[in-house]
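Okay, got some structures for you below.
One chain, subunit A, links the two complexes that follow: it is found with subunit B in the first and with subunit C in the second.
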Partner chain A sequence: MTAAPAPAGGLRTRPLRGAGAAGASRAGQGRAGWAFATPQAVLIGLFVLIPILMAFWVSLTDWRGRGSPFSGTVGFVGFDNYAAILTEPGLARQDFMTSLRNNAWYVLLVVPLQTAIALGLALVLNSRIRAKGFFRTAFYFPTVTSSVAISLVFIFLFTGGGAVNALLGVFGIDGPNWFSDSRGLLHLAGDGLGLWDSANPPAALTDGGPLGLTWWDWLSGPSIALAALILLVVWTSAGGYMLMFLAALQDVPADVREAAVMDGANRWQRFRAVTLPALRPALFLVTTLGLIGTWQVFDQVYLISQGNPAKTTLTPAYLSYTSAFETGQWGRAAAMSFVLFAIIVVLTTLQRFLMRDKDAAAEKKAARAVARRRTSTTFFHADR
Partner chain B sequence: MRSPIRRSAQAAVAVAALSLAAACGGGFDDTAEQQESGSASLTMLIASSGDAETQAVQAQVDAYEQESGNTVEVQVAADLSQELAQGFAGGNPPDVFYLDASRLADQADAGNLFPYVDQVDDVDDFYPNLVDAFTYQDTQYCLPKDFSTLALEINDAAWSAAGLTEADYPTTWDQLASVAQRLTTGEQTGLVIGDTRDRVGALMVQAGGWFLNGDGTEATVDTPENLEALQYLQTNLAAGSFAYPSAVDAGWGGEAFGTGKAAMTIEGNWLVGAMEADYPDVGYTVVPLPEGPDGPGTLSFTNCLAVAADSDAQDAAVDLATYLTGADAMTALTQDTGVLPSRQSLADAYLEQFPERQAYVDGAEYAQGPVNAPGAEQVLLDFDSQLGGLATGDPEAVLQSTQTNLEPLVGG
Partner chain C sequence: MTATLETTPVQTPAPAPARRRRFPVGRFLAYVVLVAFAVVYLYPFLIQIVTSFKTNSDATNSPLSLLPDPVTTAAFGRLFDTDFALWGFNSVWVSVLVTLGRVFLCSLAGYALARLRFRGRSALFTAVLAVMAVPSVVLLIPKFLVLNQLGIYDTPVALFLPLVADAAGVFIMKQFFESVPASIEEAARIDGAGTFRIFWSVVLPMARPALITLTILSFQASWNELPHFIVASQDRDLYTLTKGVATLTTGQLGSGNQFPLTLGAALLMTLPVAIVFFVFQRYFVAGANEGAVKG
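Let's look at the complex of A and B:
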């Protein structure tokens, strides 16, 4: 956080004033700035900050959804709600951990897939192909269509006798009954490779595991139903992110690309060494937005599967909704959303760290080291 | 660097204070003042299956307005539990609303309901086990407006094609299993049964079991009776003569039944309306559910007209609820909507009009209501999700985990 510098050019032409006057002018500017910012800040405080604080309070109470959560009749229970979903063995924790497992697999597949597909589509559209406008619209279309309409279409596509299975049937594949199949993909893959037998899983995995689920449960992979949801979401959102990549691609400096051509770099080398580094900010934006969006997935679950089959499409956001509105456990539901919030913050920070510009970071570090050395030299000189 | 931070902090505090002032301006704790009876204005939140039902309710409400001088605004909820939750949290709930029996314990436990049944004279006319469904910790909260029960529906064409006659309608579990076996052909499953407690629970009742004991003070999931029911289901699922709707690519039993994928299904009287609308050409017969080792058993589903504890016109609200559950209004409201009247005195007239619904009405005598314990919903959802894997799973483990989860919720 740095103080905004006063517009130096404007000040310099004026006759020099005393230090006090300059300070007063800067304070005046600050006041004016705050005056302009206050309405917005109050709105944000009123509709974002205060509700968040209220929700946090609810997560510390046993409020049952009747009247104000701030009245004297509501009991304060400290971190009991958090304990129920994080540490105490029981159904609440088992459900929450199941939802986290599902969501983790979901994020793990959706974010890389949608980023890669969006980048691929953007690269194609950025090349010299015909009917660019048509394809741009076609790829972007799913993103602007209502998720309700898309979800309904997918329900019909993925029923047991739907179009997807008919298509698979052409290749002699007997498709599953997608949205009601709870078998995990990793379990199935293990079966296929002969690693284990899902009907009779290895005792080493089923005997124990962290946080109320067995290792066997954690490692199930997304169920077939969840995989269908993943396909839906990737198909829907890739177009939107494609547009961000496309915008960034237009900004890749042409001279650098030409220089690379002159240096004899081939297509892959140019992509790897010129295009991709130039796309780093866009890549960061897309993965961050993707990460946040996928951890909060709700509407597709609400519309298509309601957490079924066998809770394999249950997500924290949906579980929080049902806990609050259907079973009236508002405190626990609020606690779930704060845990989810913490997960998103931690993962986004981690991602920021992993994707930081390593050259820039190294330069900064070197500059700091130089600065330190200089200070110490000054001291040395002063001593002399 | 220090001064901007300090200034930001000051600003943040100022913003927070301002926002708080704005937020609290309206005030959360408006204490409701009781309206005078006779000219009260009421809101009623209902869930409706469609225009026909909404209009039927509106007609009765209009009649009530004429008679009482009160005004009633009927609101049709898209998502009843969500809209109710918003009303309760805001301290401004609808005065009268539909409440499903499975949600009663949660709402009663939270103190949202005003019990009014003790103000009503002719409670005896309602089926006792329906009134019990709206009784929580010895308080009768509200009156059932109608009900539905489960029965066995049989596809006539499939039945005769398998060489079966009326004399073969199953009355025991063994007969059900054997006719299901005979009715199972390549494209057709003998019996399609929903994979939830709301269908499988009937088998548990027939075996003499249930989730709770008689007065709802003890969890009795892990019992030999329930195990017998699940084992019966498991055996037949494994044999292929029973199936869940998802296994035959149907959304529910009625769809499987209507499309001919199922020769029999276990559904409630709502199936009648669905068949008329979607599969009018399918001929079928409704018979009572076969008896299990412990005799006959079915499940009841019912909604009551509940009155909010926070209603600002409680007397008028009770008045409206009793009017709409009165014999005249109930006769009109159960006319076209496919539900059964919850007053015993109306059964004969109703059956004269709809003789084919005999099996559903008969179930009222011994029907089991939903599980009546606060917080049970999540436990039962977990039970449902385990039922999905029953064909290859361990029924005893299903019952044990449900027992463990349900125990802390009852008898407290």
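Let's look at the complex of A and C:
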């Protein structure tokens, strides 16, 4: 269609192509289109789409890792594997729920912390600052280094006699044995406040609870070992999100900011009414990516803690891996992958819904504030 | 005459900011925050570098010190008694193949999706978006299943080929090609050049910035990849740096306090990516924001 008019045709020695030739070129484009797209499409189909279908089949079987999961000897068990990890009381469900609890605490801390630090650093870096490039590089660099290298460094920093505890010792604090301490932070906080005694927890909380864990277990908070992993991940990933905020800050409309200054809006008012609304898309993006990323935590657990101590760093991704490759329960492991997938889909959808709702409400509020201000100043109109 | 013209505009506004200047508390606080964070971000790397030149006992006894006493390269000597060189070799060829494969195939597919009209194009693009949304960790077991089924588990092909399948790269290239005006290609087409010829000698040279970004992102991603190598092979000869160095902490070497060894390994495996990072920093920034679109 693009070649058909051939406006410069008269200048060419080549014979002018007619309508038929244009049709042929369109067919040629169609062939070329498929020829160009096919290699990557085949690879993606082969290594992403087909594997997902295969794994779904495996999650419905009792395959133990021997032979092909598609041979006749493999038993079809329906949704038994899903039942084992979700509804049937037993060790399998208890482990899976423990991993979900750990990961939920992990997400609950990592996402707000890394978002807040990233936003804070971006805002500070966006002001008139010397050596901007140096600071940006320093904060971003961990994001591009391998999780293996960073984990090795953190193992050293957080060992019992390591740098972190040496530093705490300077301030007279006796640091814990980070990666082998399974005490929950909320349990400890309750001890500190005199709410309960962790050695002798209140019966009301230990007597029962949903999904195979007691209330006491659900409400443990992250263990100290998990808290160290949380620090590691926040430290690693904040810089990457900072770059996204920095890019978004470039889009804050300068004229609106100037108008706000003219109006005598103070720093905080300008931040609330001008900067924050402009950052909202980036905020949505950063929390969504954070949510997706943190529910998948695997590398650090594999490298540092292997789910220990006392299963407090066990995560669904790592549990799924060990269930398949170490204990040979492939069906159950595949089922865990799909439940994890579902959790991520549900939570990101929920988050989208919540943030969109808030968006609309906040926009209305901001619009009202702007309208109020407009009535008091006339040149603001001209500026828009 | 000219001299006065030059000096007057400079001199007159000068007193104004001086009069307005207050003690910049906000700026001062900003520097305090930035320097504090810079220390938190850089000190671990300094400790990593310094500790790899320490003895085991020195590393354990003075973990905070930035002065090795004595300075020794013994840890690196012991590191090369392991299969470290082999792991490095494997990481290099895997990363190079993944990068070449991704850059070539992603730009082909991205170009097709951006510019060529063919039946099923929008369905294909929807599929690309859907695949990008699949969390990678969910794919660990599925990947093993397909490698096993194809009979390539534990082969060199299993290390790199699945990593070439990258939907995000297709997306990045498609976005880029759509931002380039189509007029030059059309001129070439009118001249009778074939589609691949146009792609190869007209479009790709224009796409240099996007190609560099994708090259760097692919290299960094495959160099740092760990979970895929864990599920794709078990042969010790196929260990890459990430998988091999990981065994240093879990194997018998990790049982003692061999921190100079593990930190030296971490240091060496970081170097290639660090060099690429410092040379091509602006492309990393572009990539981070490009990748942001995929969310």
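Everything below uses one rule, namely that the second predicted complex is superposed on the first by the 310 of 384 C-alpha atoms of A that agree within 3 Å, B and C clash if a C-alpha of one lies under 4 Å from a C-alpha of the other, contacts with A are read in each partner's own complex, and residues count from 1 in each chain.
Throughout what follows, a contact is a pair of C-beta atoms (placed from the backbone, for glycine too) under 8 Å apart; a residue touches a chain by one contact, two chains touch by 3 or more.
Since this is a predicted model, take the numbers as computed values, not measurements.
Q: For A:247, select first, second, both or neither according to whether it touches subunit B, subunit C, the two together, or no partner.
A: Only subunit C is touched by A:247; subunit B is not.
Q: In the overlaid three-chain picture, which partner chain does A:28 touch, first (subunit B) or second (subunit C), both, or neither?
A: After superposition on chain A, A:28 lies in contact with subunit C alone.
Q: A:176 in the overlay: touching subunit B, subunit C, both, or neither? Say first, second, both or neither.
A: Neither partner.
Q: Between subunit B (first) and subunit C (second), which, if any, makes contact with A:127: first, second, both or neither?
A: Second partner only, subunit C.
Q: Would you sort A:331 into first (subunit B), second (subunit C), both or neither based on which partner it touches?
A: So A:331 meets neither subunit B nor subunit C here.
Q: Tell me the contact category for A:340 with respect to subunit B and subunit C: first, second, both or neither.
A: second
Q: A:161 contacts which: subunit B (first), subunit C (second), both, neither?
A: It touches subunit B and subunit C both.
Q: Looking only at contacts as defined up top, I'd like to know whether subunit B or subunit C touches more of subunit A.
A: Per-residue touch count on subunit A favours C.
Q: Applying the touch criterion given at the start, work out whether A:190 contacts subunit B, subunit C, both or neither, answering first, second, both or neither.
A: In the superposed model, A:190 contacts neither subunit B nor subunit C.
Q: Does subunit B (first) or subunit C (second) touch A:52, or do both, or does neither?
A: second
Q: Can you pull the subunit A residues that subunit B and subunit C both touch?
A: In the superposed arrangement, which is not itself an observed complex, subunit A uses residues 1-3, 30, 34, 41, 44, 46, 49-50, 68-70, 159, 161, 324-325, 330 for both subunit B and subunit C.
Q: Looking at the complex, which residues from subunit C come into contact with subunit A?
A: These residues of subunit C touch subunit A: 26-27, 30-31, 33-34, 37-38, 40-42, 44-45, 47-48, 51, 59-60, 62-64, 105-106, 108-109, 111-113, 116-121, 124, 127-128, 131, 134-146, 148-149, 161-162, 164-167, 170, 182, 186, 189-190, 192, 195-196, 199, 220, 223-224, 226-227, 230-231, 241-242, 245-246, 248-250, 259, 262-263, 265-267, 269-270, 273-274, 277-278, 281, 284-285, 288-289, 292, 295.
Q: Which bits of subunit A are touching subunit C when the two form their complex?
A: Against subunit C, the touching part of subunit A is residues 1-3, 6, 8-9, 12, 14, 25-26, 28-34, 36-37, 39-41, 43-44, 46-52, 54-55, 58, 68-70, 120-121, 124-125, 127-129, 134-135, 137-157, 159, 161-163, 166-167, 235, 239-240, 243-244, 247, 285, 288-289, 292, 295-296, 298-299, 302-304, 306, 317, 320-321, 324-325, 330, 333-334, 337-338, 340-341, 344.
Q: In the complex of these two chains, what residues of subunit B are touching subunit A?
A: Where subunit B meets subunit A, its residues are 1, 3-5, 7-8, 11, 15-16, 18-20, 22-23, 28-29, 79, 81-82, 85, 88-89, 91, 106-107, 109-112, 246-247, 249, 310, 374-375, 377-379, 381-382, 385-386, 388-389, 392, 405, 408.
Q: Across the complex, what residues on subunit A touch subunit B?
A: Checking each residue of subunit A against subunit B gives 1-3, 30, 34, 38, 41-42, 44-46, 49-50, 64-71, 90-92, 94-95, 159-161, 177, 180, 182, 199, 307-311, 323-330.
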